[in-house]
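First subunit A sits with subunit B, and in the next complex the same chain sits with subunit C.
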Partner chain A sequence: MANEQVLTVPGRYKEIKRICEFIAAGAAQAGFDDDTIFHLELCCDEASTNIIEHAYGEEGAGNIVISYALSDDDFTIVLRDNGTAFNPDAVPPPPSVTGDELTSDELTDQLRIGGLGLHFIRNLMDEVRFTSDRLSGTPLIMIKRLGTRQ
Partner chain B sequence: MSVWQENLPQSNTWLVSVDGRLDQSLNPKLEDTLNDLLGKERYHIIVDLTQTTYINSGGLRCLVSAWRQAKANGGTLVLCGLNTRLQEIFSMVGFDKLFEIHDDCTAARKQARSRTPL
Partner chain C sequence: MTESIVNINVEDMKRVELVRVSGRIDSSNAAQFDNVLKEVAGRKHNVVLEMSGVDYISSAGLRAMIALLRECKKHKGDVRLANPSERVVEVLALAGLDSLFEVHDTEASAVGSF
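Presenting the complex of A and B:
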């Protein structure tokens, strides 16, 4: 990838802010507006939290490698870890987010909080790909089209 | 970045204010503060997010958990002062329908005083 920038941090919650700042700086250079940069930060926050909580199962169990690259059309973010492979298809979207007809009690009953982070990633990025590669870790690829810049 | 609580004068409502980013660094502080209030059977709570610049799913989880406990005990957890980005996050997952949300925290305090007088 052209212009790729890479950051490696320990898989700890306090490092997530560094990851967000790293991505925000790259996204600002790419010309994204502040709202889109906020969305990219949130997606990287959620993805990093999932790595710590689900791939590694705890803090300090491995590194998170995050990179971004700018092409003519896309801003591509890749997060890698060496933890347990994660199957996002096993995580359903929160079922009631479009359920306008639900009462608050029904909404509460149906909320599955654990899927919220993935829901944000799926909704705020233009393309999301999960792959499993034992040699290079488990990459999560998140793409934002440059056409969404203002 | 901080979270603090205060009792609204002449009422049984407690105000929790969050200053900073509700991420994995600050979420535990908010969770501790809300659990402290709920543990003392203080079930009428306003969370002032006027100075909150960011929230992730962990922050949402923390607020929903407290809302459920307050509601289960006949109380309420009201939010106020959300900026447009936070409003977008709440509406993206339907939480704008779950919570009572006030744009104006002064109005939320006033309503709380009349709802839970001493």
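Presenting the complex of A and C:
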């Protein structure tokens, strides 16, 4: 991967802003507009939060390794952890976006469960790949096409 | 290290609790936001969130807002938004939750709507 930049941080919530700033700097250099940079920050925030909450199950249980690389066509972000692998396909979309007719009461009742973060990632990135590679951690690959730049 | 900063100011408006929020709300400080909102919901069930100064919010922040809304609705109250920033509006829409909150252009309009 060309021009790869890597940041390794402890899996703690207070590191999320650092992760976002790292990605925002790379995305700005790649020429993305402010809205897209916000989307990339949000996706990295949600992915990192999922790693802490679901892969590690708690704060401080392992590291998060985040990298980005710029090619002619893509801005590729990879997040790795050494926690428990999970199947994102088993996470249902949040009830608010399934198209079901729900009252606001039903909606607020059902939203106690997670799934929003994954929903954001799937909707804001052009391509998302989850793989299970126990040797190098569990990578989440998120790709933004450079054609989406202003 | 740079930390995520959220500023929260609560004002008792007699019939309504007005919560002015600004800054960045992510997983590192959503618990702080949630705690303030829980305290607010413990006093009154009509709440205005003034969010013009929120420049970043993740799903962790949305969850705190939804928890507040659920608690207020349980007691026949409501949560209304005053002048939410573009980021707040966008993230609510992305989550499909924009219809849950009545949005007002100004703080006065939101407070006066109760």
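Miscellaneous remarks
Criterion: the second predicted complex is superposed on the first by the 139 of 150 C-alpha atoms of A that agree within 3 Å, B and C clash if a C-alpha of one lies under 4 Å from a C-alpha of the other, contacts with A are read in each partner's own complex, and residues count from 1 in each chain.
As a convention for this text, contacts are C-beta pairs under 8 Å (C-beta built on N, C-alpha and C of every residue); 3 or more make two chains touch, one makes a residue touch a chain.
Here the structure is a predicted model, which is why all the values come from computation and not from measurement.
By the touch criterion stated above, A:L42 is placed in contact with subunit B and with subunit C alike.
Of the two partner chains, neither subunit B nor subunit C is touched by A:D81.
Within the superposed three-chain model, A:R18 lies in touch with subunit C and out of touch with subunit B [touch as defined at top].
Once the two complexes are laid over each other on the shared chain, residue contacts for A:H119 go to subunit B and to subunit C alike.
Common to the subunit B and subunit C interfaces on subunit A are residues 13-14, 16-17, 38, 41-42, 45-46, 49, 94, 96-97, 104, 107-108, 111, 116-117, 119-120, 123. Of all residues in subunit A, only 13-18, 20-21, 38, 41-42, 45-46, 48-49, 52, 94, 96-97, 104-105, 107-109, 111-112, 114, 116-117, 119-120, 123-124 touch subunit C in the complex they form. Partner subunit A is touched in their complex by these residues of subunit B: 21, 23-25, 54, 56-58, 60-61, 64, 68, 85, 89, 92-94, 97-98.
Taken in their complex, subunit A has these residues touching subunit B: 13-14, 16-17, 35, 38, 41-42, 45-46, 49, 94, 96-100, 102, 104, 107-108, 111, 113, 116-117, 119-120, 123.
Across the complex, subunit C meets subunit A through its residues 1-4, 24, 26-28, 56, 58-60, 62-63, 66-67, 69-70, 73, 87, 91, 94-97, 99-100.
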